[in-house]
Amino acid sequence: FDKDLYEGNEVAGVVTGLAWTQVGGDILFIEASLSPGKGKLSLTGNLGDVMKESAAIAMAYLKAHSRKFNIDNRLFDLWDVHVHVPAGATPKDGPSAGITMLTALTSAFTQRRVKTHLAMTGEITLRGKVLPVGGIKEKILAAKRANIKEIILSKSNRKDILEIKEDYIKDLVFHYVNEMKEVIDLALTNEKVKDPIDLTLMEKVTLP
Amino acid sequence: FDKDLYEGNEVAGVVTGLAWTQVGGDILFIEASLSPGKGKLSLTGNLGDVMKESAAIAMAYLKAHSRKFNIDNRLFDLWDVHVHVPAGATPKDGPSAGITMLTALTSAFTQRRVKTHLAMTGEITLRGKVLPVGGIKEKILAAKRANIKEIILSKSNRKDILEIKEDYIKDLVFHYVNEMKEVIDLALTNEKVKDPIDLTLMEKVTLP
Amino acid sequence: FDKDLYEGNEVAGVVTGLAWTQVGGDILFIEASLSPGKGKLSLTGNLGDVMKESAAIAMAYLKAHSRKFNIDNRLFDLWDVHVHVPAGATPKDGPSAGITMLTALTSAFTQRRVKTHLAMTGEITLRGKVLPVGGIKEKILAAKRANIKEIILSKSNRKDILEIKEDYIKDLVFHYVNEMKEVIDLALTNEKVKDPIDLTLMEKVTLP
Amino acid sequence: FDKDLYEGNEVAGVVTGLAWTQVGGDILFIEASLSPGKGKLSLTGNLGDVMKESAAIAMAYLKAHSRKFNIDNRLFDLWDVHVHVPAGATPKDGPSAGITMLTALTSAFTQRRVKTHLAMTGEITLRGKVLPVGGIKEKILAAKRANIKEIILSKSNRKDILEIKEDYIKDLVFHYVNEMKEVIDLALTNEKVKDPIDLTLMEKVTLP
Amino acid sequence: FDKDLYEGNEVAGVVTGLAWTQVGGDILFIEASLSPGKGKLSLTGNLGDVMKESAAIAMAYLKAHSRKFNIDNRLFDLWDVHVHVPAGATPKDGPSAGITMLTALTSAFTQRRVKTHLAMTGEITLRGKVLPVGGIKEKILAAKRANIKEIILSKSNRKDILEIKEDYIKDLVFHYVNEMKEVIDLALTNEKVKDPIDLTLMEKVTLP
Amino acid sequence: FDKDLYEGNEVAGVVTGLAWTQVGGDILFIEASLSPGKGKLSLTGNLGDVMKESAAIAMAYLKAHSRKFNIDNRLFDLWDVHVHVPAGATPKDGPSAGITMLTALTSAFTQRRVKTHLAMTGEITLRGKVLPVGGIKEKILAAKRANIKEIILSKSNRKDILEIKEDYIKDLVFHYVNEMKEVIDLALTNEKVKDPIDLTLMEKVTLP
């Protein structure tokens, strides 16, 4: 039984989520990575259909609202995106990683640094609403164990937090949100990561 | 058991439908969103085959009758469409969201605002007829609970309304229709949404 | 248990067929619709594999014999075709809608009006033969109920008609055919539908 | 139980085969048809995987040996081929239609007329060998009933014919072959069909 | 129960393999054939996934080491390859046809004649190693019956030969190999087949 | 029961991994090979979904961090990559070959020689972390038997090594790593393999 720990924010596109498994809560990492390409989205990590759909919704939302996040829309056709969720042998499913996926994708396409010691859980909709998810108590305890300090949740999950004994959570800061814009504003700093990819638009290379 | 509420009409492409589930009626939201692309249609929300076919029929109908709704046909090749139905973990199926899907798509491709406090349920055919659907009584009660004021139905569903005790529905306005054109005329206002996407035809961007 | 009625011939591409179900005969509508595209064929209506193959055969036959029906072959590359069979929740299968599908496709690609109060049932082969199908008695009774006046059948189904009590069918006109050419000549008038699509060949639009 | 009869040779690409079913032998028709296209091969008729592979082998053999049959290889990129085997509701499988398929395809791509009252059964290999098949006795009786006069078989099936009582087959002519070239020489006349398709190479049409 | 016999080496791309079935050993033929195309690889013969992978490995090996076999790499983009293993009704699987497949492909792409009365069995790896396979005793007896004189095997299968009674195999010549290069050197003569395909690079035909 | 032995490092793209099977540990070979193409990735060797995902992650990581390994990114569009894991009949799955796959791909795209008598096991993540894997004890014993001298493992697997009796492993050198960069630095020498492929960028060949 392997409980993960928070691992820092040096790399663009890596965001900490919260998972609810048969053996309790755990944190998970959403890794989004770009490579020069044609806009293909690849998903790995033994993901179920609902979780794959979350990634598709997050990608569609980001494309439709790119200006809101200062992303040049043409970038989406010039880079391939890969989203992976370790560990590869563990099956994963459910919609609750939706906001984590969008945050990871936004960090990848802006190279903005993710806030430290932050985790999040919540379903995303195509118009950017943040829906509540289950397993909140177990997820919060796992976050504490993993050295998380701040957590982003749907406003509709506030009632689940109020049911947790205050002592357990007094060191945690909770952010309750309605919309994805709030998540991104909370989660991504205005600093770039170390060694950012140069996403300036460049001529598509054709060999001579 | 989570009953949804009507949520406003600020965003283009979001239309309220009525669903009939094992635990009674509920409202649902059809979210249609555009991003620059090549005309690809993507569907998410744990949809069954019949519901996916509804989206395909709606899209084909809209393309074949674009002039009727003042849509420049070339737009369909310049934008990708994503249709999502929250929540992602709930499996959904059946043809009764057909007219809601067409309305959402039409709003997305015209950026016209959807009438407030309106919901609808009905199957669409390829020639634009509106067919009756089941579960009317449960759907209507759910609509009332969710703060819906007006409902669009197939004329063939009028008999189902007449069987409902009048007291329950005296605050609701019913629109009975035969054709999709009537649905769109009832459901979409002539106002644009706030911050509409600019759908003016523009040169397809090729990087220098 | 929902028995359909004949619904008129205002729209191109809509042809009435006869179906044989576990609860007796019924009429069904084959809806074929064109939208500007690249020659893609889409099928909806909860169709089984055999019925999907019927549509593929009909399309291949029409392409191979387009001159016989005065269709410019280049049209097939400039329009997408969608074929739908309502209602979407009812699974349908079998080859007996083959001649109805070809008639609907031919009407769509010529915009010729379908004869009124006409229905048909029969399997199509790739060389245009019309093969007999089952359930004739139940289909004929359903046609009568639905206000059909004329019926097209394979010559090999004549024996099934002769077994029906004459009183039941004295108001119906039967056309027995061997070849698809006869079906089209009987079923499509030389009039165009109201508001026909303009199928004149036009330059494929490229945005400036 | 529906036994088919020989149906003439007016149309290019239609060749009579012999089938062996649970209820005895029968004849079947392989229908191959061309329409302007890009070289796509489509298969219908409720065919199993082995029978679909037969069509793929026949097509590959024809492409690799086109000069042997006076077919300009560029034709394969300019026409789509559809192969159908009626009736559509009956599942069919097995390799024994291989030589019938190649004969039908060759007739389609040359518009040569098929010899009258001829049927055939045999597996094809990629190098053009004709392999023996099963159910010979039942197939021969069915051929007789269907008014077939000549039959093409693999040389290795001669022993199966010798086991049939001579009285039953005295009116039939048998051709035993090793190679597909012999089949084509026996089966296709040097006459064109009535109203042949013009397969002269023409410029691929691009609209102005 | 149908035991095959050696069939000569007139045709390019046909190589004799050894198979091990539930009813004992048998020989099989790998048929590889080229037709003008774009580099597509098609496989038929009722092959299981492992056997299909063998063909993919053989093709990848040949492309990566084309110079070793004097094949102009551009040929792979100008021809389609079809690999068939008769008979079509018999399911086949396993990796032991790997070296036979590579030999057939090499013969097809060089039009070099295969040595007479030669058979082989062995798994291929991507770096060209020849791995041992099972069923050696049954395969060797089948080879003898089929009039095979020489057999190529992995060096690691030598121990299986030593266990066979010497009397049975005194007329057979065994070649034990480590690498695919040795197989090709042993199996392909420097003579071309009769009527070889002209694989000289020619301009890709575009119609005027 | 077939235990493999270390086989040298002459060929680019071949790296030794460690596997854990029902019958104990074993070594395995990851073979990566390039051929001129368009960037297609093919996988063979009877691999399960998790193992296929490992290859996809490794490829995405390599593309995203190509500069770190001195690989010109345009190479990825000019070569097809095939990854095979012998033997073909044995099903394989799990994430533990991840770092071996990345090492094989990096060797293939740089033609750098792999260090001799080296094996490795570990899961890769998209950001290049090396995660621990199971079956360490069995894998180490197999490595010893196979004549391996050095082993690369995740730092988190150090505890599994400490549990092995020291006598068994005194001849082995262990390298514990956190990041893929360390694996590549340890595993690939700065020497090229014998007869390296010329990966200099060349004009994509179009036939005259």
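Which chain is which? They are A, B, C, D, E and F, in the order written, and residues in each are numbered from 1.
Methods note: a residue touches a chain if its C-beta (ideal position, glycine included) is under 8 Å from a C-beta of that chain, and two chains touch if they have at least 3 such contacts.
Quantities reported herein were computed from a predicted structural model and do not represent experimental measurements.
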{"item": "Partner chains shared by subunit A and subunit B (touch criterion as defined above)", "value": "none"}
{"item": "Interface residue identity across copies subunit B, subunit C - same or different by half", "value": "different"}
{"item": "Approximate Å spacing (C-alpha centroids) for the pair subunit D, subunit F", "value": "51"}
{"item": "Centre-of-Cα separation between subunit D and subunit C, whole angstrom", "value": "29"}
{"item": "Between subunit A and subunit D, centroid-to-centroid distance (C-alpha), Å", "value": "59"}
{"item": "Contacts with two or more other chains, residues of subunit C listed in rising order", "value": "none"}
{"item": "Pairwise touch network: line, ring, star, complete, or other", "value": "ring"}
{"item": "Neighbour-by-neighbour ring order, given that subunit A leads and subunit B comes next", "value": "A, B, C, D, E, F"}
{"item": "Residue ranges of subunit D touching subunit E (in the complex, touch as defined)", "value": "49-50, 53-54, 56-57, 60-61, 63-64, 66, 73-74, 76, 78, 94-95, 98, 123, 125-127, 129, 131, 201-204"}
{"item": "Parts of subunit F lying in touch with subunit E, wherever the complex brings them together", "value": "11, 13-14, 29, 31-37, 42, 44-46, 80, 82-84, 86-89, 205, 207-208"}
